[in-house]
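Reading through the structure tokens given below for one structure.
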Amino acid sequence: MDIEAQSTNHITDEELAILQEIMNIAFGQSASDLAEVIDTHVLLAVPFIKVMKVTELPGYIKEQVKEYKQISIVEQKFWGKFKGDALLVFSSGSGKALINLLQSDDRRGMEAGPIDILERETLMEVGNILIGACVGKLAELLRDVVTYTPPLVMVEKEYEEAISSGYYDHEKTAIVLKTDFRFESGNVSGFLFLVTSNESIKWLRDALQRFIEQYE
Amino acid sequence: MILNQIFDAINLGIVILDADLKIQSWNRWMEIHSGIEAGDVVGKPALESFPNLDNPRFIRSCKSVFSFGNFCFFSQKLHGYLFPFKSSSYVGSEFKYMQQSCAMGPLRDENNQIKCLFIYVQDVTEVAVYERKLVEMSMRDGLTGIYNRRFMDTKLNEEYFRHTRYSRAFSIIMFDIDKFKKVNDEYGHQCGDFILKSVSSRISASIRNIDFLFRYGGEEFCCILPETNLEGAELVAERFRTAIMEMENNFNGDVIKITISLGVADLTNDTASPGDLIQHADEALYRAKRGGRNRVESYSVNKK
Amino acid sequence: MIKSILIVDDSPIARKMLKSCLPKDRGYEFYEAGDGKEGCEKYTQIRPDITFMDLTMPVMTGYEAIEEIVKNDKNALIIVVTADVQMKAIKRVLDLGAYMVLKKPLKREEIQSVLLKAQDTLQKTG
């Protein structure tokens, strides 16, 4: 174990590989539970992990979502020893597709409230569950318990406008975990970005070590 | 000791449900606002005591909390309330039931396994009333009190989308006051305002609850008619026309008579957007003006 | 008698985790592959007694690798190890010829009993 690396907030390649496998397990487990809860199969791709400075974050996210001219976003912060931000980016039209998918709420039908409120509500509900599934399972494997802030939703905005640069203004390091997701039925797809805050990195590294020690 | 006291002293409803969704705890706030004693609900299934909770959204949220340990939020804006409690204040309540902002989350045992879920309930009726007033004000035209152009853009969009989605008939009527400038010039602007108000209230009185009347511009109005086809809309437009024509407007001793011209259009394969609907009605309105005013014209592809 | 074990998974950590659950005192020979294609090649070379296979891998997926291996050796004993254990996936791999499906993360005790069962089966098929 590299002593210098340990004492700084610099996460090693081996630790990133452990995190990768943990995420793989977490998302695999989420997928089956999700199918139970929202009655639809969600395909979660193998997650991609990148370490970067927080200031680079908006640029990185914009680059990933730019093929979607318009996007809807659900954002929640999570707080445990593992802290950070979950950003769920939905492709344009996902909100309306989700309304049709969750048609179990069809006591609504023609007398429903305004469509934009319904769209918001649906995105928020599904977004909350999806984020909860991924973050929750991840936290569980890391032996942590997290709480969440209420979700913030932005519906169908130009991607440039939606990802603001102002919030991310310090030079600290963040670990970005990116997963493509797709709902098997209906035109719903997008990305989940989990951005861990700088303060969590030390705890995360310890948790990853504890995890792999079980297998040594 | 102290924490137990908080459970009953706090100005927040707290309900705890077990994995079978049976009520485990019901705090003092819930007792007071429901009129139901804890002893009467604890141990019973929540969905039996409160049948309105038996809906996919609520059940999905509970499942999610037990599976993932996430928090689910029920905002007043989207749900109104979770528990149907009568409004607690006697003073002018616009809402039949208390408006609530709620959240639910997991409760774990010593092994960190999720055993129960909590629901907290906040009374946000006052804020909701205030917000409603603000929203109302922003949707209304100051002079006439009917809906304004800003609201029309939203409403038209929404109705257009809903009607295309379910393939229902949908029509609009655009009308304006004939020679309105002349009225202003002859009788003054205050009279003009009076005329606008009279027309608005006369037409408002003759539409159904599901129809919407908007002030589109200076002396222009738009009326949207959900679930109505072109023929139906033409009948309605004709009714408007005669009502206004027969109206006797008394202002400062003068009796002023006015007429309106109307353009009618409906949802067809040609209307690719709400804007197209307006454009068609506008074209029909223009023909009505050219055709001599005080008349109804309908949009048709052939009639251009 | 189980002598050789092949582990196919694109995550080196996953391979490490699996290996650590397998008993070290039985003289097993361990072999590893990082994707489905390499997995097939090594299978042909080594003819392991037991193969542990991940499903989501680059170059060639676990599904394709199972199909390929079973085509050439219908007695192949392939144990699928995966995080996503939905009915559809399980049925699919069993239809392709997999022996059984295990859920990640693995536990030592679970592996012990699986190995015993596999040993029995191997002896029967010779």
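Letters A, B and C mark the chains in the order given here, with residues in each chain numbered from 1 onward.
The working rule: a residue touches a chain if its C-beta (ideal position, glycine included) is under 8 Å from a C-beta of that chain, and two chains touch if they have at least 3 such contacts.
These figures come from a predicted structure and were not determined experimentally.
Shown here, the protein chains touch in a chain-like sequence that does not close on itself.
When chain centres are taken as C-alpha averages, the shortest distance to the whole-protein C-alpha average belongs to A. Put simply, the C-alpha centre of chain B and that of chain C have 59 angstrom between them.
Averaged Cα coordinates give chain A a centre that lies 31 Å from the centre of chain C. On the chain A side of its complex with chain C, the touching residues are 17-18, 20-21, 24-29, 31-32, 35, 41, 46, 141, 212, 215-216.
Taken together, the chain A residues at the contact with chain B in this complex read 30, 33, 36-38, 102, 104-105, 107, 109-110, 112, 114-117, 120-121, 124-125, 128-129, 131-133, 135-137, 139-140, 145-148, 150-151. For chain C in complex with chain A, the touching residues are 11-14, 16-17, 20-21, 56, 82-86, 88, 104-105.
Against chain A, in their complex, chain B makes its touches with residues 55-57, 60-61, 63-64, 67-73, 75, 77-78, 103, 105, 108, 112, 154, 158, 161-162, 166, 168.
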